[in-house]
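Working notes, structure below.
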Amino acid sequence: MVGAVLGLTLGSFAALAQNVVKIGVPIGLSGANSVVAPSVVQAGQLAVAEINAHGGILGKHVELDVADDGSGADGAVKAFNSLIFQQNVNALITMETSAARNAGLPVVARGKVPFIYTSSYEGRSCSPYLFVDAWVPEQQVPPVIDYFQKEKAAKTFFLVGSDYAFGRGMLGFTRKYIEAHGGKVIGEEYLPMDASDWTPVLSKLRTANPDALVSSTAGGAPNVTLTKQLRASGIQVPFGNLGVDEGTAKAIGADAAGVYVSQSYLTSLDNPQNKAFIAGLQKMFGSEMKTPNDLSEPEYDGVYLYKAAVEKAGSLDTDKVLKALPTVSFTGARGPIQMNKQHHAPLTMYLGQVQQDGSVKVIQSFKNVDPGDQCPKLK
Amino acid sequence: MADAALQIEHLTSGYGEAMVLRDITLSLQQGEVLAVLGKNGMGKSTLLKTIMGFLPPHGGTIRIHGTPTTGLSPHRLAARSVAYSPQDQAIFQDLSVEENLRLGLRSDRGFAPALDRVAGFFPFLAKRRRQAAGTLSGGEQKMLIMARALLSRPRLMLVDEISEGLQPSVILRMAEVMRSELSGSQLSILLIEQNVQFALSVAQRYAVLTRGEIVDTGLIAQPGVEARIHDHLAV
Amino acid sequence: MSAPMRDAAPARLPSERFRLELGGIGALTLLGLALVAVGPLLLDRYSVNILIRSFLYGSIAVTVDILWGFTGVLSFGQSAFFAIGAYACGLAFSHLDFTPLVAVAALGGGVVVAGLVAALIAWLAFGTGVSPLYISVVTLVLSIVFVQVIYAGGDFTGSSSGLSGFDTFDLSNEAWFRIAGVALVLVTLLGWIFVRSDAGRLLVSIRENEQRCRYFGISTSWVKGALLVVSAVVAALAGYAYAAYTDVVAPDLGDFQFGTMLVIWVALGGRGTLIGPAIIAVLIDFVSAWLSGSLPFVWQLVVGAVFIVVIVIMPQGLGPALAGLVRRLLPRVSRIQPTAARLAEAPTYDIETHMQMGHAPAAVEITGVARSYGSLHVLEDISFTGRRGELVSLVGPNGAGKTTLIRCISDGQERTRGRIAIQGREVGRMPPERCVRLGLGRKFQTPNVFDALTVAESLRVSRSRLERLSPWRRADEIHLPEAAMQVARATGLVAQLGTTVRHLSHGAKQALELAMVLAMEPSVLLLDEPTAGLTKPERTLIGGILVDLVAKHGLCILLIEHDLEFVREISSRIIVLHQGRIVLDGSVEEVVTSELVRTIYTGEPQAIGEPAAAGPGSDG
Amino acid sequence: MTDLLLDILTTAGILFVVAVGLLIVFGVLKIINFAHGGFLTLGGYAALIVTELNWSPWLAAPVALVIGLLLGAAVERLIVRPLYSRPLDAILATWGLSIVVVQLITIGFGRSTQFVLSPVQGAVPLLGTSYSLYRLIMLIVALVLGGLIGVVMQGTRLGLAARAVIMNETLAQSLGINSELVRFATFSVGAGIATVAGALITPLLSIDPLMGLPWLLNAFMLVMVSGTSLISLAAASLVLGGAQVVVSTYSSPVLGALTIVVLAAVLLRIRPAGFARA
């Protein structure tokens, strides 16, 4: 908070920079997020290429600066430092693990740059510099639980997560939601974020024999190992995965079939923005294109939201941009997105089920779900 | 004239800075047994280790059957029909008797007849071939060492204190076996000993090693040799 | 204005050399401080930012070097101590309000926890009979355990996310830069003074030959343990600063890779050079951060490859290799003058003073001692008494148990049965360092010396129980008792005080070990073949000194010897061991004329009954 | 209960497969090969190559074996051989090698986590429950590998020479065994087994450049307590692996991850020689 006040008065260091707009993307190219990170980078690159093709931001060329944060806190400190103080970026727009985000926030406060966080997360991360254009538990969890309780008559639930802020935050909310709606949680297990052997958890799951399984694991790798090992173990149970995205589901292959997901973006969404988005990616990356997903599309939106804010502020000055950000809106593949005064965005959510080919079939949709009170102190 | 089985000239050797052997000159003719006698700590084992290539000599030359061997590694010397029986840790305790014997040959070919031959000397070997060598008694272990050395029909044997701690009957048996192997073959033996009687019963020549130097050498057939050697070894 | 007298290249005194070197390091220190002062003005923000961390890492690298490079204690777990300090900061500021009191308490807490954990590790790793490799294993385990404990801590420790965004000291980057920089300079300077002091030489002697140190009465476990605790505390302080500065703590800070990276930096910089590791740590971490954007993998690859090459080809490290190169290019610049302390007579110690107190107990009394390994009996029912002024020789063929007997006398853990008393005091189960304090001195068979120390330094270390070693300076005089002095003079060691022991002849090493043992002023001297590998004149000389020690100073000497001629010349009594038992205990005359001894030595075993099998199992 | 038993057995099997290459190198060469983790990772990537070439997943292990044998041979000549007399430096140098391996893999394949096809899918009914077929296969692999190494060591001339070098290298040399050659062959085979193990465990897990590290630590601890004996290693894998499964199942997986290293450290403190000759 001390830093915040100073930040508002001093303005941005980065604003002194050259005739380009630099956007930093600290992201987990290695570690837990490494499966999904390339698709996020591609979404960002597409947005930047499009913006540059149309004259840049305030007439300045836009550059994307990607740095690996190793999906962890320690790596994030290095990546944020490097981007903010070495590369002098004007803003950070990225999807990260909660650990990396938390670790990066103090650096952001010191460097005083806007930070648009494009990853769904456990919620309630608040900072004058931080804006979020992806979902929080209040938006994501209800579709899955409601569906299991109504359609699968599930009474007992087993929760599995990676042991980190996102995993614990999501499942903490899920447990409360289940218990508030008459269900019962009969097991809650966590593995370290980088663990890959789920055998003991699966043993407990088998013994507990719940009506439904809900998981919330880190980015890519733990999702894959959990799903594969669950299938290999022969345990049959309705499985809702709060942490899987479409690209990861594809990487898992047939083992993911039947898994329920709750997302704000799916490749199958039928609207012109989504078609243009996918076509743009295909044109730009060809065979190298990664499947866009719920963690990558918000990056695309985030870059455009930043552009809108800068243009509204008429300057790259951090103070002005931060003021403008909650007032601008952008219509992307997920529909119109506008972040609110509490720095979070109402979103349309979809309950889907993974098919044999890895695609996700939409089962139900929920319009403009509100994130609830995330940061009441921010005004 | 045939090359000597072993020809050592002006050999100096030791561990690091400590010179254990100084200016040793010795020769062992083909078909001959030379006994090197001396008390503990006089450099006898060091002599064998140097010949066998475990210790690099500081000076001097070693020739085996006319070929200089300085710088050759131990396994190469073994390949040249040199059989070495160290004093300590000379058997693989955890290997069976048969495995110990198999290691006496360079390959398993021809093992069966060779085993039959040495079992002729020491019949217990055939009976106990599956037993771990470490469970043999001290005397049996020494006989195993001797048998293993003879198995490959070596041309030069380097034998370190084979009689140590043995019963008289076993010592007699050892001497018999050595004599019978020597007769009519090209075998030569360098025998390191403290047991004077045993050494004299097998060897043709002797050398006394004291503090790393040869102080006396001669033919055993001479009269009064035993008394002379005892003088060297006495307190 | 008279020209000073010039001796023929006298060895420089340690204090002079120390002051000279201190001048050098002082200049370096000032340079370092100056750089730290102006750094923030010259460097860009990012570099300042990164260097703060690099400086803190440099400090830990220095502690790793003191532990490993100097003392031979290879710890992979310094990262864990660093992280303990960091988490003390992170946990306190996350869960309590940030107040000066909390800040100080957290610092104290971190230091205490790190110290206690280090003490526990030391207790585990430096106990008697524990393998020297165990410290590396257990510190490896420590770093793994630490990370898992943090994982298991849930919201309290932040698990794999770590803790961040807590309130912390409101200091500018420039201030942190100066704090970290000054800390690095200070840690290096203090470390440098310590390792070059007399006490610092003790570390090297532990690395070189821990057994010898213990037989000088030095509790090496305690020294190593204390060093580990201090290193842990320094690492924890660095960790605290790191957390307070970055505002983030994460489990990676304590993991095995970071612990290993520290070791790599030290190996690259040069083990046992302090400044090398400090510089390399800062350099590599700084360059890594700079290149992390553009060439991260290639840079790591280069570091790894260089590390392999350094380990294989120049194990002394890059720093010393470079220094060596410079020295070769400029041959005249840095000729190192030999340095050595002066020898001085110690106030005479005299066993007779004790003797005058009447009814003095026997020097060494051995009753019914036995030693067996499983079913193998190496010693059985050994009883005898050694009196003052007696030189007792232990003779017997190989494997008779002579060395085992010496070992049993000097280490209470060795024997299976029986009692041993030195000067009337029971040895019990005392480890060697405590047996030695009863007045025992033991010389080993092969010269057991400190190869990397000079002769003078070795003598000083051997005296450390009687004269405290200063941790911050070097004394010019070594006080030796007359006997040790006599050995040093007679064998020419006095002329070689500045020579590194590695370069001594075998005979000189034997003499040095004897002098070192005598420097401890023992009343009972155990000598295992002190003349092995010596020339005839050298043997005669040593023999004369031994006889003198017994006659003039009333020592009791137990001597193992193969050279019976030598034994005959110097012994007052001879004990003959054969197959683990005493077969004869008598005067020189009795033994020399004994038929029994003759048969033992010339191998007619029937004379002394049935010989036992050399190995376990029945005779066949 | 049956599940627990199967978990224990298959975990022990996997641990044995992963550690045995390290064990034989330690036995014959008396050095700890810290590049073992790097070799495991390399095996994982060999499996990845096989997957990307659309070859049968069954080919992953043989391909990994070839890579491991060749690499092991090169490493022994260039790095390990000069360090025989400096075992501690050998640990450090092989750790440096594993850094190099990891970085080379990163340059070649990127840092991201990747996956390979499993040669078999799903579970099979067994003893009244259904159990992961691949884990059962790993148990069989462990038994076959252990048996194979046992037969080679006990039944062949090469194995006899290797055992002779393990027990008493000096004596082996004086009996004409070229111990340098034995060391060379052993290191190469040890590396080969490590890469095969890496290829075999990947279908269960995921592949990334650092995947070998946790396995290296467990394997290292197992070898420290087992000494040089194959039987001890099997026992240690069963006891420590079993303890890990039990702790993970009944307490927490986080503590479970610690079980092997902590138990091994305690065992080594109490009995420095470890399980060997217990």
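Should a chain be cited, it is by its letter among A, B, C and D, assigned in written order, with residues numbered from 1 in that chain.
In the analysis below, contacts are C-beta pairs under 8 Å (C-beta built on N, C-alpha and C of every residue); 3 or more make two chains touch, one makes a residue touch a chain.
Note that the coordinates shown come from a computational prediction; the quantities given were computed from them, not determined experimentally.
If I average the CA coordinates per chain, which chain comes out farthest from chain C?
With centres defined by C-alpha atoms, farthest from chain C sits A.
By Cα centroids, which chain is closest to the centre of the whole protein?
Minimum centroid-to-centroid distance belongs to D.
When the C-alpha atoms of chain B and chain C are each averaged to a single point, how far apart are the two points in Å?
Taking the mean C-alpha position of each chain, the two centres sit 42 Å apart.
Just give me the whole-number Å value for how far the CA centre of chain C lies from that of chain D.
For chain C versus chain D, the centre distance works out to 35 Å.
If you average the CA atoms of chain A and of chain C, how far apart do the two points sit, in angstrom?
55
Provide the C-alpha centroid distance between chain B and chain D, rounded to the nearest whole angstrom.
43
Send over the residues of chain B in touch with two or more other chains.
93
Where in chain C do residues touch two or more of the other chains?
148, 151, in rising order.
Listing for chain A: what residues touch at least two other chains?
Where chain A meets two or more other chains at a single residue, that happens at 68, 163, 190, 192.
Which chains touch which?
Touching chain pairs, listed by label, come out as A-C, A-D, B-C, B-D, C-D.
Help me check something: in the complex, which residues belonging to chain A touch chain D?
29-32, 34-35, 37-38, 68, 163, 189-192, 195-197, 199-201, 203-204, 206-207, 220-221, 224-225, 228-229, 231-234, 251-252, 255
Which part of chain C faces chain B closely enough to touch in the complex?
397-399, 446, 504-506, 509, 529, 532-533, 536, 562-565, 567-568, 591-592, 597-598, 601-606, 610-620
Across the complex, what residues on chain B touch chain C?
14, 16-20, 39-42, 93, 124, 134-141, 163-168, 193-198, 211, 230, 233-235
Touching residues of chain B toward chain D in the complex: what are they?
52, 54, 73-75, 78-79, 84, 86, 89-95, 99, 102-104, 106-108, 148
Any idea which chain C residues touch chain D in the complex?
Against chain D, chain C makes touches at 74, 124, 127, 129-131, 134, 137-138, 140-141, 144-145, 148, 151-152, 256-257, 260, 263-264, 267, 297-298, 300-301, 303-305, 307-308, 311-312, 315.
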